[in-house]
Amino acid sequence: MTDLTPQARATLILRFTALADDELILAQRNGEWIGHAPILEEDIALANLAQDELGHAETWLRLRAELDGSDPDALAFGRDATEFRCAQLLEYPRGDWAFTLLRQFLFDAYESVWLSAARASSYRPLREAAEKMLREERFHLQHSALWIQRLGLGTDESRRRTQAALELQWPLSAQLFVPLPGEAELAAQGLLPDLSALRPRWEESTRQHLGACGLSVPAWGAPEDVWSRDQHSPHLPELLAEMQGVARADPEAVAW
Amino acid sequence: MTDLTPQARATLILRFTALADDELILAQRNGEWIGHAPILEEDIALANLAQDELGHAETWLRLRAELDGSDPDALAFGRDATEFRCAQLLEYPRGDWAFTLLRQFLFDAYESVWLSAARASSYRPLREAAEKMLREERFHLQHSALWIQRLGLGTDESRRRTQAALELQWPLSAQLFVPLPGEAELAAQGLLPDLSALRPRWEESTRQHLGACGLSVPAWGAPEDVWSRDQHSPHLPELLAEMQGVARADPEAVAW
Amino acid sequence: MSMTTAQDPRLDPRLEAFEARIARGEKIEPGDWMPDEYRRQLIRMISQHAHSEYVGMLPEGEWITRAPSLRRKMILMAKVQDEAGHGQYLYHAAETLGATREDMMDALLSGRAKYSSIFNYPSLTWADVGMIGWLVDGAAIKNQTMLAGCSYGPYSRAMVRICSEETFHHKQGKEMILTYAAGTPAQRRMAQDALNRWWWPSLMMLGPHDQDSPNTAVLSRWGIKLKSNDEVRQEFINEHVPELLEAGLSIPDPDLRFDEASGNWIHGPINWDEFWAVVKGNGPMNRARLEARRFAHEDGAWVREALAAYGARSQAQAAD
Amino acid sequence: MSMTTAQDPRLDPRLEAFEARIARGEKIEPGDWMPDEYRRQLIRMISQHAHSEYVGMLPEGEWITRAPSLRRKMILMAKVQDEAGHGQYLYHAAETLGATREDMMDALLSGRAKYSSIFNYPSLTWADVGMIGWLVDGAAIKNQTMLAGCSYGPYSRAMVRICSEETFHHKQGKEMILTYAAGTPAQRRMAQDALNRWWWPSLMMLGPHDQDSPNTAVLSRWGIKLKSNDEVRQEFINEHVPELLEAGLSIPDPDLRFDEASGNWIHGPINWDEFWAVVKGNGPMNRARLEARRFAHEDGAWVREALAAYGARSQAQAAD
C-alpha cells in the first residue's frame, strides 16, 4: 500500500469512487421500490439487494478513505452531480419492473466478472473486498437472471416490456467498460482488472442468457457515442436532489 | 393598517401565508408540465398559469412582509413542510392531464369566489391585490372550465379519467374552506371573506359545470374528516425537497 | 335464504375442554377444535395486524430515498424490510385459520379491512422516522408483548419473533431522536415538532378506553388479549414519559402529571373524535394510503401474470 | 419506379427573376415562385430550427421546479415558455412552405429529423441554466441575427421576433452567471464548472468549419445564409471571451489567444468527432431527449383524441 505511486493512488481513488457511485445510485433506485413491489416477497428481495448494494458502496468508499482520508458520508451526501462517477445506466429512473430487473441483471453480470477478476489484484484490500462481495453478488445474479427468464418467457406483455428496456439499456451498458484516466496502466500492472478483457466475457454471458429468454440484443452504438464516466444524464441531479436534501438542509449538523 | 390589533395582524399573516402557499405549490405542480404537455399550445398555456400563480404567491408574501418584515424568498425556500399552510389538494402530484386540469378548475373557482369577496375587505392592501388578481383569475377559470368540458364530453377515456380525478379531489377540496385560527372573527369584522358563506357559492357553480360536463360529484366525507391547514399529505415534503434543494445547498449564498 | 338454525355454540361439549386448555396455559394449534367466534376474532385481529405491517411500510418507506447518512439509510431499509417480513408471517398465521391471502388483500384494497390508525398520519420530516421508531414501535411492542402470550400458537409465535425485531427498531428510533435532541437547533426543533405530531396518535393507536372497547371481554376470556387497552397504554406512558423528558423534549399534554400514589403518569383527555375519524377511514390520508397500495397492486398485475404464465410453462415442461 | 426526367431547374426562366429579386434585397413570400431546392433547403432549416426550440425546452425546463428564488423561477418559466412560442412561430413558418406539423413531428419523434446538437448535452447543475442563457443563447443570437436578414419573408420576420426575446434571455443568463462568479465559493465553482462543460459545445453548435459545410454555397447565393459558420463563430467568440474573462472565469481552451492584427480571439482546435457523434444522434442523451418527447406525445394521445371528439361534437351541435 505504501509503495503505490502517486499516479496509481490517484487512479485507485477514482476507480473506488466509480465503484461506490454505481452501487450507491443503484441502491437508491432499488430503494424506491421498497413498499411498492408487485408482490410482498419482492419488497423483501429488493430491500435485500438495495442493502447489499449500499453495503458495497460503503466498502468502496472506505477503501478510498484508506487512500485519501475522505469521509464516506460527505462524499455520498455532499458532492454535486458533476463530481459523481457512476455510469448512466444506474442513473435512469426505476421505470417498470422489467426495467428495474433488466438493469439489475446487466449490472450484476458486470459486477460478477469485475469482482472475479479483481480477486487477482496485487492490491490486497481490493482483493479481499472483491472476494467477500462476490459471494453476495452470485446470489444477486441468480435472482435477476431468474426474473429475466420469467419476464422474457412469461407473457407477451412481459416480453415486450423487457425488450423495450433492453433497447435502451444495452447501448448504455457500454459505459461500464470505459476505462478511467490511468486505468489501463494499472490494469497492465495487475492492480486493477482489465476492462477491455472483461467486456467480451460479460457480453458472452449476457447475450447467451438474454437469447435463451427470447430477447433480442440490439446493436451497439458507434464507438464515439460511448461516454466517459464524467458524462451524466439529467436524471442524476434529480436523484441527488432527493437523496441529499435532508443531509444538506442543516449544514451545521455534525451527526445524522 | 396601524390600527390592526395584534390578533388581527397575526391572523392576516396566517391567511396571507395560506394564500401564498396554495399558489406557490400549484405553480410548482403546473411548472412540472412545461415541456411535457400534450400539445405545444398547452405548454404555453400551462407556463402562463404557473407564472400567474407564482406572481400571486409573491403578492401574498409581500402583503405578509408588510405586516411582519419577513423575506418572501426565505419563506418559500427555507420553510419545512410543517410550516407550510397550503391545502392538500395542491400538494398532490400532477397526475395526468385530467387530474391537473380538474384541480385547476376546482381551485380557480375557489379563488374566484374568494377574490370577489375580498374586494370588500376593509384592509386596503388586500382589497387592491384582490381586484388586480381577479382579472387574471377569470381567464384561468375560463381556460380550466373549457378543458373540463372537453374532457368530460370528449371520449369515454377522457371522461373516465376526469371522473377518477374528481373522486379524489372533491373531498380534498373541503380543506380550502376550513378557517384558520382567528379567521372567523376577522370575517365578522369585515377584514377577510367569510369562508362559510363562500363554500355554497363555490359548490353551486362547480356542481353545475361538472354536471353539465357529464361528471357526477361524489359525496363529501364526514365533517370530522376535514383537516385543518396544518395537516399535510406526504407529497409536500417530497415536493419541497425538489423545490428547495438548490437554494438550501449553499447556505452561505446571499443572492441567487 | 338459509334456514339452518345453528346450535348455540355455548352448548358445544367441546367448549369446556377448549376453555380448560386455555386456562392451563396451553396453546391452541391450527388443527385443534376451536369455537367459530374464536376463529373469527383471530382472523379479524391477525389480518388487521398484517395489513398494518403492509401499509406501515409506506410512511417510513417514503424516507428511504432521503435518509441523510449511509448508516441511517441502511437501518431504514432493513426496518421497512422487516415490516414486509412481519406482514408475511402474519398473513401466514391468518392462513392457518382458513383465511386466504387473496381475500385478505381484496378486503384491504377495497377499503373493507381496517389497519392501524397510526399509518394514516403522514411523515412530514426526517425526524418522523425516528419518532415512529421510538413511539409507534414502542407502543406496538407493549401490545405485541401482551399478544405473545396469547392462546393461539401461530399468532403467539409470530409475536415473539416480531417483538424481538421491533425492540431493535425501537432502540434505533430512540437513539436517533436522542441524537437530534442533543443536536443543532434545527435538529432539536425537528425532533420536538415530530413529538408534537406523534404523541397523541401513539396513545390512540393502543385503542379506545376499556369501556368503549366492545371486543375486550370475549378476547380476554379466551386468552387472546391478556391486558386491556388502558393497561397497555399506561405501561407505554410510564416507560416513555421519563425518557422523553430526560431527552429535553416537552410532551404536548398540558394535563400530564405524575401520580405518586399509583406511580403512574396520568395523561389528559384524548381527542377520540379524531381517532374515530381516522379509524373510519374517510380522511384524505386514508385514501392516499390505499391509493398507493392499489396502485402498486394494479401496476404489478402484469408481473404477477407473467409469473403465473412462466410457472405454468415450467410445470408443463417438467411434465413432458 | 418513376421515369419522369425533371427539367434542369437552372434552365427555368423564372430563376433569373427570382435571383434578381434576392439581389435587390426583396423578400420572397409564401405565394411567390421559388426553386424547389430553395423550398427544400428552407423547410430543412426551419423545421430543424423549430425542433431545436421544441427539444430545447427540456434541458432548462428540468430546472423550473428547482430554481432557487421566486424571481429566477419566474424568469425561467417565462424563458421556456418563449421557447415553446418560438417553436410555434417556426412550425408556422415551415407550414407556409407546404410542410405539415404532423410530418415534421413524425420526423422528429422517429429520429429522422435533426435538431441542434447543443440540446443533447445534459444540464447538471443550476448554473447550467445561466450558462445556457449566456453562451447558447448568445451563439443562437449571432446566428439568428444573420438569418433575420434572410431572403424568405416569414423566416426573416420570425427571426426578428425571436431575436428580440433571445436578447432578453441572453442578458438574464449573463446576469445570473456574473452574480455567481462574484458569489460564494460554491457558486463560483458551479459557474466555472458550467463554463467548462458548455464552452466547446457552444462553439460547435454554430456548425462545422466552412470547408466542411456542404450547404453553405447555395444557401449563400439565395440569401438564406448571409455569413459562414466560421464568421458567425468568430463574432460570438469576440464578444464573449472578454466578458467571461472580466467575470473572473477561465475559458477551457489552452490555445485561446488574442490576435492583434485581426482583432480576433483565436480558438484552439475543436473536437469535431464529438460534434458529429452528437449530431448523428446515437448517443444515450439523444435517446433520452427523444424518449422524453415521445413519452409526452404518447402520454398526451388520449387528450388530443378527446379534443378532436369534443370539437367534432361541438361542430355537429352547431350544425343542428
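Note that the chains are named A, B, C and D in the order they appear, and that numbering of residues resets to 1 at the start of each chain.
Simple rule for what comes next: a contact is a pair of C-beta atoms (placed from the backbone, for glycine too) under 8 Å apart; a residue touches a chain by one contact, two chains touch by 3 or more.
The model shown is predicted, which means the values in this text are computed figures rather than measured ones.
Between subunit B and subunit D, the least number of touching-chain steps is 1. Between the interfaces B-C and A-C, more contacting C-beta pairs are found at A-C.
Summarising the inter-chain layout, the chain whose CA centre lies farthest from the centre of subunit C is D. Our note on geometry: subunit C versus subunit D, Cα centroid distance of 58 Å, whole angstroms. Computed centre separation for the pair subunit A/subunit C is 36 angstrom, with centres defined by C-alpha atoms.
Note: centroid distance subunit A to subunit B, computed from Cα atoms, is 42 Å.
Shown for subunit D are the residues in touch with two or more other chains, namely 58, 62, 66.
Of all residues in subunit A, those that touch two or more other chains are 238, 241-242, 245-246, 249.
Taken as a graph of touching chains, this assembly has some other topology, since it is neither a line, a ring, a star nor fully connected. By the definition given earlier, chain contacts exist for A-B, A-C, A-D, B-C, B-D.
Note for the complex: subunit B touches subunit C at residues 80-82, 88, 168, 171-172, 175, 221-222, 224-225, 227, 231-234, 236-238, 241.
Residue ranges of subunit D in contact with subunit B, taken from their complex: 54, 57-58, 61-62, 64-70, 72-74, 77-78, 80-81, 84-85, 87-88, 91, 126, 179, 183-187, 292, 295-297, 299-307, 309-310, 313. Residues of subunit B touching subunit A in their complex: 238, 241-242, 244-246, 248-249, 251.
Of all the residues in subunit A, the ones that touch subunit C in their complex are 27-28, 31-32, 34-41, 43-44, 47-48, 50-51, 54-55, 57-58, 61, 72-73, 76-77, 96-97, 149-151, 153-155, 157-158, 161, 242-243, 245-247, 249-250, 252-256.
Every residue of subunit C that touches subunit B in the complex is listed here, in rising order: 58-59, 62, 66, 122-125, 190, 193, 197, 273-274, 276-277, 280, 282-285, 287-288, 291.
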